[in-house]
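Paired with chain B in one complex and with chain C in the other, chain A is shared by the two complexes that follow.
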Partner chain A sequence: MAFRLLTIKQGGRVMKRRISSRLVLVLVAVGFFFLAVTAPVVLAKEVKLGVFGDVTGPIAFTGQQFYKGYTDYFKWVEKYNPIPGTTIKILMEDTGYDPKRYLPVLKKFVEEDISAGYIMGTMGTMTMEKELRELKIPCVSEGSGYPPAINPPGYVFLLRPLYPDFLATAGIYFMEQWKKAGKTEKPKLIEITWDTPYGRGCIDQGEPWAKAYGYEVLPYQLFSGQPNDLSTQLLKAKNLKADLVYSNHLEGHQAVLLKDAARLDLLDKMQFCGGSECRGAEIIKLAGKATEGAWSVSHFADWTETQNKGIQLCMNLQKEFRGVLDYQTQYVMGVIPAIITAEAIRYAAKTFGPEKVSKETIYQALTTMPEIDMLGITANVKFSPTERRPYKHMNVSKCVNGQWVKEKYQIEVPWLKP
Partner chain B sequence: MQELLQSIASGIVVGSLYSLVGVGIVVIYKSTHVFNFAQGGLLMLGGYLAWCFMEQGGMPIWLGLICGLGAAVAIGGLIERFGMRRLVGQPILSLIIVTLALEALIGGSVTLFWGDREYNVFPEFIPPQPVKFLGVVLSLQHMIIFASTICVIILFVLFFSYSKWGLDMRAVAEDHQAAMCMGISTKIVFMMAWMISTVLAYIGGVLLGSVNGVSTTLNHIAGNCFPVVLLGGLESIPGVLIAGLIVGVLEYLSGQYLDPIVGASTREIVPYIILILVLIIRPHGLFGLKRIERI
Partner chain C sequence: MWRPSGIFNRTYAEDRTVIRTRTQWIGLILLLSAVVAIPFFFANPYLLSIIILTIITIISLQGLNFILGFCGQISVGHSAFMAIGAYTTTILMTRLGFPFFLSLPCAGFSAALIGLVFGLPSLRVKGFYLALATLAAQYLIGWYLLHGGQLTGNIYGLPVPRASIAGLALKTDRAYFLFAMVMLLLMSYFAKNLEISKMGRAFIAVRDNDLAAEIMGINIFRYKLLAFFIGSFYAGIAGAMWAHYLAHIHPSHFSLMDSIWYLGFLVVGGLGSAMGPVFGGIVYIGLKEIVSLITPFLGKVFPGISTNIFSGLALIIYALVVIVFLLFEPRGINRQFKLFKAYYRLWPFAY
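What follows is the complex of A and B.
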C-alpha cells in the first residue's frame, strides 16, 4: 500500500501527516462529484425570435390575436414536440403599426442577436424590408401588400400570396359560377375598398388581370377612416350594374358595407366578397343577416372545418393555453407563422446541428427545405431561393346560417407578377 | 339625382354625429377655455362602458344604459376633481396637454381592460331597418342618431340660455373672478362642464357603437370633430351643429364627385380644407365670438 505525505501549516508549525492513497481517491471522487454538480450543464442552443408586435395602434386587436396564436404554438412545441438541442425564446416589442417604431425595434433585436423574426403587417414589411436584406435576418411576414418584398427575393417570407391573388381567387370562382349559370356577357367587377396601402393592395395588379380574365372592371370606389355609411359607393356600384363587389378591408368596414347594401336592397343584385380580414365571427355579429351569402377569400381553413387537423390543433392550443375556445380568425393566422418558423428551425437543427442554428441556417432552411406540412390550415408551404410566396392555393368561404363555411378550397391562383 | 340626395342625407346624418361630439368640446371650452382633445377617448370609453354593463354585466339594455350613464357622470367628475382642478391657475397650455395625456391614458386603459376583441357588439336596441323618403334610404339607426343629436343640441341651447346652472357656466367662461365675486362656485361649474361633456361623449359612443360596434377605433371620429368645432366657432353650440352638417355633407359630396377625379379618398382632408379657408376669412369661426381686448 502506498503512502503519501501531506504538509499542513498550522499556527506557524509545519505538520506532516501520512494518509492512505485510498483516502486520496475518495477525495478526488468527491471533488469530481462536486465539479459535476456545480459545473454548467451543456445548455441547449437558445434560438431567439423577434416579434414586431403591432399589439397597439390601428391593428391592435389583430396583432394581439396574432401574438396569442404565435406564442401558444411555440409553447405547444416546447411541451410536446421540442426541437432537439434547442430552446426557443420569443422576444416581442410593440411596434404599434407605426413606421417610426420598426427600425428602433429592429436595432434592439439585432443587439439581442435574434435568428428570425415575425412581422405582422404590410407597414412593418415596407419599413424594414431593405434593412432585413442588409442584416440578413429572415422574417416571416403578413405583409402581402408590399410586392417589392418578393422581387427580387430577399429576407421577407410571405405567409400568403400577394393581395392581387386574393382578388384573382374571387375572380376565378365567380367566373366559374357565372359560366355555370349560362351567362355569356362580361361580368362587371367593382372594388369598394379602404384607402390605405393594404386596401389598395389589389388594384394595380388585380384589376388588369381581371380585365384580361374577362371582366369589365368598373372604377374602384375608396373610403377612408372608419366609415359610418357607404351609401355613395354602393349607389355607384348599383348604377354601374356591378356583379361582383370586392373589398380588401377589415371586418368593421365590411359590416358597414353589407348593412348598407341590405338597406339599399342590393344584396340580391351583386355578390359581395372580401379578403381574409372579412371573415370572422365579429362581422356576423355586426352586420347580422346582411352577412348571409357574402364570400370571403382567404388562405386558411374555416373554424367550422372541425375535421381539419390544423383547425383541431388551433382549438387544442386555445383549450390548453387559454382555457376557452374563442373563434378568432387572427388567432389561426398567428399559428401559421409559428408553424413555418418552428419547422425551419427544426430543419436547420437537423441539417446543420442544433448549435449551428442561426439566422444564416434558418434562411437556408427556409429556402431549401422540403414542403412544410401545414396540417391543412393552409396549403403546404414551399419557398425556394427565388420565391417568397408560400403556395398557390386559396380558399373561398361563404356565410351560411350565421357561420363561415367552406365554399370552395384549393383554388389555384396565378401568382400575379408584382 | 338619387346619388346627390343620398350623399346629402348621409352627410347630414354623419355630420350630426360630429356635432354631437363637438358639443362636448364646446361645453368644456365655454366654461373653462380648455380645448378638450380627450373627447374622442371619452366617446370610446362611453361605448365600452355601455357594452360592459349590457354584455359583460348581463344587464337588461335599459339598466345597462343607465349604469353606463352613471359611470360616465362619475368619470367626468373624477377627471375634473383629480386631473383638472389641480391645474387651475396654470397656463392654459398645461391644461390642454393634460387632455392629450388623458386621451392616451383612456386609449391605453381600454386596450388593457377590454382590448382582446376587435369589435364588441351591443345587443340590438336600434334595429337597422331601412327608412325611405324622397328616394333616399337611411337606416333607423342613422335617423335616431340624427334625432338624438338635434334633441341634445336644443336641450343645451335652452340650458345655457335659461337655466341657472347654464347661466353660471357662461358667467364663469366670461370671467372666473367676476363670477366668483357673484357667488358662483367655479369648482362646481368646472365639474359640471366635465360631467356634461362626458355624458355627451357617452351618448355619442352608444349611438356610434350601435352602428359600428364598440372598438378602439371609435375615437377616430374626433379627428373630424376638431375642425367642426373650430369652424362653428369654439363657443357656439348652434354653430357646431351647422358646422357639423356642413362638414358631413361636403365630405360625402367630395366622396361622390371629387374622388373619381382625384383617384383617392378626399373625405378626410375636406374638413381641414374647409377649416383653413374659413379661418382665413373668419378667424373666430362661423359663429364664434369676435374678442375685442382693451390694450
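What follows is the complex of A and C.
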C-alpha cells in the first residue's frame, strides 16, 4: 500500500512521488514520541498557594521580608529541584495585619482553589482558624500567639512552638548557667513585656512553669505602645533583685530596654533575654554596645552561622534572586514555611500522584509524612494527626562583638499548653 | 428638599413619607430585587464578603451619624461600643445559651447602656473635651477586654458560634448576606424615620445651637443622652454582626484607628443625612480593597522605592480623601448626590 504524497512538475512531465506505509508509521511514531516528551510539561498539575501577606500595616517590614524569603525559595525549587508533575503558583494578597481583610482574602483564595496557604501572624491565625477548619485548607502559620490553633484536627500548622516555650527555653538555659556557677538559691525571673497578645503570650503558661522549675517569679511589668523609656519597669526589676529579665516584644522595644538598663547600670546585674523578634541587625544598630551579652531565644539559625546549610541556602537565594546579600532574620523566617510547604507537596505528589495534589492530600502529607529536613535552619519538622507544633528544640543566641552568635543549640522545651 | 414637580406636602403624614411617587416605588422595588438577586447572580464569595463587611460598617456609621451628624456630639469610642456588642452576643450565646435572635438585640442594648454612661460627660463638656471623654471609653473597654480573664477570653479573644435563625444556620456567605441586608434595611428604615421625627428635629436643634434649643423647650440633656444611646445601639448591633460573621473576636478587631476612620468617613459620606453613612461605608471599605490591590502592584512597578512607603499607602490615601472632602465638600458625597438628583429632575432646565 502506498500514499500519494505530492506531485512535482519537472520539465513538462509530471512526476509523482510515492511514499511507503513504513515511512508513515515512522512519522506517526516520531509524532507520538514528541507528544510523550512534551506531555508532562503541558499536563503538569498547577498547585496554587495562597499567601496572606501582611506586607502593609503594622508588621509591614517583617511581612515583606517573609514574602521575599518564601517566594525566593519556591523560585529555587522550580529552577533546581522541581516537584515532578507539578508547577507551583503563588498567589499573594495584601492583608495588612487588618482583621477586616483576612476573611475576604480567604474567600478569594477559595475561589482560586488554593491547595495550601501561608499566614504571617497571630492576627490572621486567630481570625481565620475556625474558617480554615471548615474549609479544610492547610496553612502554615507564624501565629504562635494563638494556642487554640493547636487543638486537633486543626488546619493551622505552626512554624514554631508557642510563646511560653520561648520563655521556657530561656529559663532552662539560665538555670543551667545558674547551677554551673554554684548558686543554690532560687533565681528570680521577671517579665518586662509589651502589653499586647503577642507580648503577653508567654505569661499565662510560662510563669507557672517557671515556678515549678525552681524560679521565684516576680510580678510582670507591662508597657504599651512604642515606649522611649522603660526606667520604671527596670527600677522595679532592680528593687526586686531580678536575675533574669525576659521580654516578648520587638527589636525596637528591646533596644530601649537595653539602653535604659545600661543607663541604670543594670547590664551586669541581671541577664536580659528576648524572644525571637529581639534579635537581628536593627537592635544592634539601635542599642549599640548595650546589646553586648544580651540573649535571644530563637527557633532558627543565625545569619552568622555561615557553615549552616540552611543559612548558606538563604544567602544563595538572596544572591541569585535579589542580587545582594541583605542580613534580615525575617527573610530566613520566610524560607522556613516555604521549605515545609514544598516538602509537603513533594510528599503528596510522590504518595498520591502529582495529579492528586490538593488541599486534602497536602493535609494528609503534613500530618503523616516523616520528619522534614530543614537543612539546619530549624530543628527538623514533624507534625502528626494530633500535633500542630513543629518541633521541641530551640536555641539561645547571644550578642558578641556586635553580632548574634549561637550560645546554646537544641534546648528541649516542654511544649507548654494552655 | 427638592421634590418632583406636582408633589406637595399637604399633611404631616405626607411630609413624613419617604417614598412618594410611582417612580420611587418602582425604583425601590427594582433596588430590592437587585439586592436579593446579588448573591444568586454574583455568587462570588470574595465580593459577597466585601459587601457584608460594608453593610456592617454602614450600620455602625449610621449609629455614629446619630451622635455626631444629627446631635453634634463627638465620639471617639465608637469602635469600642461595637466591641461591647460583639462580646455581649458571644458571651450570652456561649455561656447562657441565648438564641441568636435574642442575643442580637441584647448586644445592641448593652452597647447602648455603656454608650449612655460614656455619653454622660456630654452634659457638662463638648467638643474637644467630649472627644477626650469618649477616647477614655475606647481605652477602658479595650483594656478590660484584653485583661478580662476567661469571660472575655483575655489575650486570645473568643470563638463565636455561628448565627442561626429559626433553625437555619447562617453559615454561607449568601445566607449571611441576606440576613445582613435585612438588618441594613431595618436599621436604615428606623434611621430615616428618626431623622424626620420629633426626636430627629430635636437632635438637629441641639446640634445647631444647644442654647437656642433649650430656650425652645428641648431638654438637651435628654436628647444628647438619647443620641448616645441610639448611636451605641447601632454600634452594638454592628459589632454583633461582625462577631458572627468572623466567628472569632478579639479586642484588636475594634481599635482606636477604626473609631477615628469612622469619624473621617462619615464626613466623607455626609454628616447628618441618612445616605451619608451608606456612602461613607462604601468608600471606606472600597478604598481599603483598592489600596490592598494596588500596593503590591506599585511595589513591583517601582522596585527602587522603599516598600515601607507603600506599606503606609492605605493611611495616606484615607487621610488625603478625608482632607480633600473637608476642604472642598465638607457636606460629603451625599450633597453631590442630592445635587445630581436635583439636576436630573430639572433636566433639561437649569432651574
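The rule is short, and it goes like this: the second predicted complex is superposed on the first by the 374 of 418 C-alpha atoms of A that agree within 3 Å, B and C clash if a C-alpha of one lies under 4 Å from a C-alpha of the other, contacts with A are read in each partner's own complex, and residues count from 1 in each chain.
Note that contacts are C-beta pairs under 8 Å (C-beta built on N, C-alpha and C of every residue); 3 or more make two chains touch, one makes a residue touch a chain.
Since the model is a prediction, treat every value here as computed from it, not as a measurement.
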Side-by-side fit of chain B and chain C on chain A, or clash: clash
Chain B versus chain C as contact partner of A:T95, first or second or both or neither: second
Touched partner set for A:M123, first chain B, second chain C, both or neither: second
Touched partner set for A:G293, first chain B, second chain C, both or neither: neither
Which superposed partner A:P414 touches (first chain B, second chain C, both, neither): neither
Contacts of A:K107 with chain B and chain C, given as first, second, both or neither: second
Which superposed partner A:E131 touches (first chain B, second chain C, both, neither): second
Chain B versus chain C as contact partner of A:A60, first or second or both or neither: both
Which of chain B and chain C A:S231 touches, first, second, both or neither: first
Chain B versus chain C as contact partner of A:G201, first or second or both or neither: second
Common interface positions of chain A, toward chain B and toward chain C: 56, 60-61, 64, 195
Sites on chain A touched by chain B in the complex: 56, 58, 60-62, 64, 195, 219, 221-226, 228-229, 231-233, 235-236, 239, 250-252, 255-256, 259-260, 262-265, 280, 282, 285-286, 288
Contact set on chain A toward chain C in their complex: 53, 55-57, 60-61, 64, 92-96, 98-101, 103-105, 107-108, 110-111, 123, 126-127, 129-131, 145-148, 195-197, 200-201, 204, 418
Footprint of chain A on chain B - complex, ascending: 2-3, 6-7, 10, 13-14, 17, 108, 111, 115-119, 121, 124, 128, 130, 137-139, 142, 208, 211-213, 215-218, 220-221, 223-224, 252, 255-256, 259-260, 264-265, 267-268
Chain C to chain A touching residues, read off their complex: 44-46, 48-50, 53, 146, 154-157, 159, 173, 245-248, 250, 252-253, 285, 288-289, 291-293, 295-296, 299, 307-308, 310-314
